[in-house]
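Following this line, the structures themselves.
Okay, so subunit A shows up in both of these, paired with subunit B first and subunit C after.
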Partner chain A sequence: MKFLDYAPAPESQALLSLKSDYGLFINGDFTAGRGTPFQTINPATEQQIAMIATANEADVDDAVAAARHAYDGVWSRLSGSDRGKYLFRIARLVQERARELAVAETLDNGKPIKETRDVDIPLVAAWFFYYAGWADKLDHAGVGPNPASLGVAAQVIPWNFPLMMLAWKIAPALAAGNTVVLKPAETTSLTALLFAEILQQADLPAGVVNIITGDGSTGATLVNHPGVNKVAFTGSTAVGRAIARSVAGTDKKLSLELGGKGANIVFDDAPIDQAVEGIVRGIFFNQGHVCCAGSRLLVQESIHDDVIDRLKRRMQTLRLGDPLDKNTDIGAINSAEQLARIRELSDLGEQEGAERWSADCVIPENGFWFAPTIFTNVSTSHRIARDEIFGPVLSVLTFRTPAEAIAKANNTPYGLSAGIWSDKGSRILAVADKLRAGVIWANTFNQFDPSSPFGGYKESGYGREGGRHGLAAYLKPAVRTGSRSIAAADHRTLSVSKKSASAGKKSASAEKAAK
Partner chain B sequence: MTQSPLATYQPEQRALALIGGEATDTNLRRYLQGIPGIDAVGLEARAADLGTRSIKTSSKRWAIDTIIGLIDLTTLEGADTPGKVRSLVAKALVPDPGDPGTPRVAAVCVYGDMVGAAVTALGSAHAAAGETEGSGVQGVRVAAVATAFPSGRASLAVKLADVRDAVAAGADEIDMVIDRGAFLAGRFGQVYDEIVAVKEACRRADGSMAHLKVILETGELNTYDNVRRASWLAILAGGDFIKTSTGKVAPAATLPVTLSMLEVVRDWHRLTGVRIGVKPAGGIRTSKDAIKYLVTVAETVGEEWLTPHLFRFGASSLLNDVLLQRQKMTTGHYSGPDYVTID
Partner chain C sequence: MNRLAIPKTYKLYIGGKFPRSESGRVYEVLSHTGDFLANAAKGSRKDARDAVVAARNALGGWAGATAYNRGQVLYRIAELLEGRRAQFIAEIMSCEGVNAAVASAQVDEAIDRWVWYAGWADKYVQVAGNANPVSGPFFNLSVPEPTGVVAIIAPQGTESLLGLVSAIAPALVAGNTVVVVANENAPLSAISLAEVLATSDVPGGVVNIVTGSPTEIAPWLATHADVNALDLVGAGDLDWVELQISAADTLKRVLPPETGADAAAPALNRILAFTEVKTVWHTKAIL
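Showing the complex of A and B:
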């Protein structure tokens, strides 16, 4: 036998008991939606997992009304420490049910169990723990003494990290004293609904969190609803732009976490084996369905061939297949639509003259799959160097000097993430200072922590999630009756000039978010 | 890296061609410091990630038997006697009396003065010199630690005499220690020359050579960058194996340190086409840990390295834990420490 053909090691699904139909979670209870239900499938098998309700306009009205009622009647009156108790309770319940949530997430999303078990779900718990601790310390959130919550937050999240994105949105919103109506992505509603069960277990007062499901039109109805005070969206730049347009002119506060085309810069003095690991983690983690993925590899020309050779060898050890198998590294693409987009852009890359190489792997018959792929000989003018592919596809470019690396890294409409690989600390700091990206990793990639703010520049959106700065998106300075002058200061957040934004990297963006 | 004519060179020529001159401190420093560094956090994360592989059912069965066949069953005590060594050899030959199908270990590892006792105790089961695997029942080899093991603090003459004694007594493999003091003081040329001299001392009267394992004592080198440089140095100087530790210094073998050495071996193979062995030693006590090493070897250098010629575990208590797992897989239930023999 070949040892490397590891025997199957599937995670058991026995812990998970799913219902055949899921309703909307409004005012603390599950209710049938009034729209047409839709099926959610396992992207690795294309089998139906459950039927999910669609919220129509009347359902959205109900959800917003429930959130408003809970805000006025209960949540905004609770002390910070009492809100914190609920959040701590939710965090502990997430930990207790971690394995069940990991299996459900893997079934519904297609990502490997290794990642849901070791990354997604632990981070979900960490986010609730972190913001639970903030709930009674809002005076120190950087918005002045005794800051006020905003009211009802409408939150729309993507399919790539379903439960983690839910945690990034709900935890700070609740800690700051807001109530929530959240809409998960159409293809990945399942874990949000299991999370609703956790909220019931935690005895969270009815209406504080409402979860409504449906397609993009449900999301549009929600963000356009006149009853919401805050809109938070994570997803594509195109949808983000539409939301910004629809929110313009209202007094809704907005934060957007959009696309990216992160540059992963490898200098010739990099710790080469770890850099190769970082490249793999940067683009093949979660099948590349990561907005901050290191999808553009900028490698110094002098070590290009060696790095690519090592990268290809490493990619041959990636295991693509059953996401529930504990040894799977690359799971399924989340949907047929996304797979089509990845294929389209990859084919375009070939037509444009880039050289395509994929790891050998057996593609299962059913489900949506895409072998880990790299393109070499890519130029900055190629579409695959500019457009977000959102899949396991890496575009490799070269540079000769640090100045050229910086110029190429910044030559993108996006500005979410970047990575720098070098053994020389001073170079890392000097380059980081000139990169226009919200998150910069040094000698690592795709690391997340609730205490670290996350967010983008330019078309990658605005506002920060995580850390103290993530609270600012859900707070406003204390409002004194009869005075609007302080509240008006909020609007500066949105109009900070790009010039000042480029001044001091992370700390500059941090201050900005804190305003 | 481009394929160079290095593959066709004799080892000494190859080393000098790579170093770009004689093996002086300056040339060696220039060469070793030109090797890319290691990011400790990244290396440890990669090792931890490899440690999460889930090896079940048929893969586990194969892994367990493979581990047994890769063990250098070791006794390195001041209190060692011929009686103790006989007992160790008996265990090496019949690890589990309850199951004659159990594979034998690769070698027994003893101090130099116990080589004779080990050879006598093995008798016809002593692997013939130059014997390769796959020739019927696997013979067991005798490995001897030498060169003033474990500290290495003796004159070169004493170290070489130590090696020659062990080889003359019938040792198939010599586990030498590098001079960590010289390495840390930057006297790379001295470390290099010593390994070359020890290698020469491994030559038997008939011209064949005992295998040379070079112990880096990674616990004293302290940084992964040092481990990487010492690994290159040992391979350049002609070591057949690079070995982590003596077992007398903590920390001994760890998965990240072994991974970093495997990466050197992989790069050396890419560069020259030559395969060098790796031996983590000390601190590997459970089947679970040993399986993590197998995974790390297979996914870093390839599973063709999982043969006694290219990979060994230096261990003593590991064997019984593996045997307990083996019994569990055969019978379906766990037994206890009284159902495996002590050596």
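Showing the complex of A and C:
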């Protein structure tokens, strides 16, 4: 064994007892889907883990009907404190079964066990715990006294943080009094189905949460279902646009968490070693499968060479391999499809003239892998500086003045995240003011917390998840009528007369959506 | 013998100036009894685009002004409106066919509403922002910021001045800049409001007013990539679903049409609809 070689330290799979087939979770029970089942594989080995059901249109109908029935019959009549008690139960059950969920997530997603164990699953529990306490305090949510729930929420989530995204969606929806139909991503359905078992253990009333699996067409059917009142989507900007088009003209409330091309700005007075850690955390955390990744490094020209040298040295110590190994830093790319996209954009980077460098890694024989890679000599017009790669690929650009850093950071249609590294607090706050991004990390990166709102500007979407603001996505103000004058202005709803305005337009929009 | 009056030429208001439409087109504005009142400029696609450029250029200064300053500038507009009450009342009476009492009540409500919104400029951040108790050594603060350039289709019904004020004032409070398509049939209040704005302290380009056909102009604003939000409050008679679908291409924030007596009623939510919440994390040293 050489220096920095570690003995294998794989996490045990013994506490996991998976089924060979998983059905849909509708109305409190698992049922067989009526579409064609598909296999979910371990992206680190390409071995099948289980077969997963596909929900067809009739299944989506059933799920929405179950959610509606549960909303009308049970959930909307329950007191806030009782809703909260269910959420507290769920939080505790997630904590109790945390290791099992972490192992399952790592198997199905390919991300390192140290991330699922220390980040994903603890945040799932924290999210439910946080929103549990909100359920009986909604008067303070910021939408006025006695706010109303929306009804049935259709939620479609991505594969990069499967169970964490589920928690971000389900916890605030239930706290606010809505019922849910959730569709996990095709390649990462497993932990959502284990979560369904947790809901059974929690004795959550049947139909309050329904989980349906399948590919994008199942998601589209769900989002376009006339029986849903709320659509929440996290995923690509292209799909987000399509959803925004399809819900246009309807009363469905929409929130979108879409792509990003986050700038990580390093000033010459930054603590360089900390900044290098932050750069690594920004782009190599979760193999770069992070919508808020710091995928563009903007480094002040005077320290460029030093930062890049230190970054390369640090990258050489990253350990790529078995995601279940407790010492692994870089796991598997989630799918062959995603690997192909990362390769395509990286090859394009080289063709456009940027300089490519990858850490020396032994790439395992099976599975989908991509070595941590940086591009230097990148210009703002390069595709690798503009397009979201969603992989462990960093584009390095330089700047001379704060104004140039701000201009380059904002030179993107996205606006999700940004990082600032500097020892000067006044400069950090001034730069933060001017960045058009929803989340800004100063001298840190990729931090998440249930109390902290997360979401984008511009084409990174709209609405916030997390914190008090995250509740607003699932609530509407109490309908008040009366004087239109300023005396009655407090907490007035904006949608008083929307329905009358939209009557007669809906059928037209439904036709358009069908196209 | 009565003195021969001097009629006003009604033009567009873009970037703090009063250009005619680049298209050279005008349309007749008639009183409620069908008498000729004025030839208003019939704004074009290019006028709308010029207005967006002006709004974008003005954004940095307006959004970057202190909240206290923005509040004072907005309040100043109310002061000037108060001084021009008679003119607005006369225009509303001739355009909308209402009596002096009704017209006067509309102007009063418009001025009071402007003052109500002006007072929010240095408060909405406190009400809608948050300090977040995250689990870790971080200072974590969420604040709403202006969305950017907001395109508005002004209410098209009666109450032309009140409708316009109700639509533009809330967008301005947070520091957005505005391109508004005026009430097509009753545009006189809009242009007179532009004269108020031009003589107030509002920087040129912060409010841009285009008169003409909303049916013609709205699609260009809905698809314009430099418009961040679209307020369809007065678009109820247009194919607004199509406008909303177009706006999805650039993921604009869209407010739907409103009709009835409560349309565009004053609300904090109307300010917040054109804001984005920014969350800043800053490390704390471990002492």
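FYI, the second predicted complex is superposed on the first by the 477 of 515 C-alpha atoms of A that agree within 3 Å, B and C clash if a C-alpha of one lies under 4 Å from a C-alpha of the other, contacts with A are read in each partner's own complex, and residues count from 1 in each chain.
Note that in this section a contact is a pair of C-beta atoms (placed from the backbone, for glycine too) under 8 Å apart; a residue touches a chain by one contact, two chains touch by 3 or more.
Every value quoted in this text rests on a predicted model; they were computed, and no experiment measured them.
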State whether A:Pro402 touches subunit B only (first), subunit C only (second), both chains, or neither.
neither
Figure out whether A:Ser452 sits in contact with subunit B (first) or subunit C (second), or with both, or with neither.
second
Go through the superposed model and pick first if A:Thr444 touches only subunit B, second if only subunit C, both, or neither.
both
Touched partner set for A:Pro205, first subunit B, second subunit C, both or neither
neither
Which one hits more subunit A residues, subunit B or subunit C?
C
Touching A:Ile272 in the superposition: subunit B (first), subunit C (second), both, neither?
first
Which partner does A:Pro8 contact after superposing on A: first (subunit B), second (subunit C), both, neither?
first
For A:Gly216 in the superposed arrangement: first (subunit B), second (subunit C), both or neither?
neither
Which of subunit B and subunit C A:Gly227 touches, first, second, both or neither:
neither
After superposition on the shared chain, which partner residues are touched by A:Asp309: those of subunit B (first), subunit C (second), both, or neither?
first
Subunit A contact set shared between subunit B and subunit C covers 443-444
Touching residues (chain side subunit A, partner subunit B) in the complex
1-9, 114, 118, 269-274, 277-278, 305-306, 309, 317, 326-327, 423, 443-444
In their complex, what parts of subunit B are in touch with subunit A?
1, 36-39, 41-43, 45-46, 52-60, 62-63, 66, 263, 294, 298-299, 303, 306
Which part of subunit A faces subunit C closely enough to touch in the complex?
126, 142-143, 237, 240-241, 244-245, 248-249, 256, 258, 413, 415, 425, 428-429, 432, 437-444, 447, 449, 451-455, 457-459, 461-462, 464, 467-469, 477, 481, 484-486, 488-498, 500-502, 505, 508-509, 512
List of subunit C residues in touch with subunit A within their complex:
109, 112-113, 116, 127-128, 130, 132-136, 138, 140, 142, 147, 228, 236, 240-242, 244-245, 247-251, 253-263, 265-270, 273, 276-283
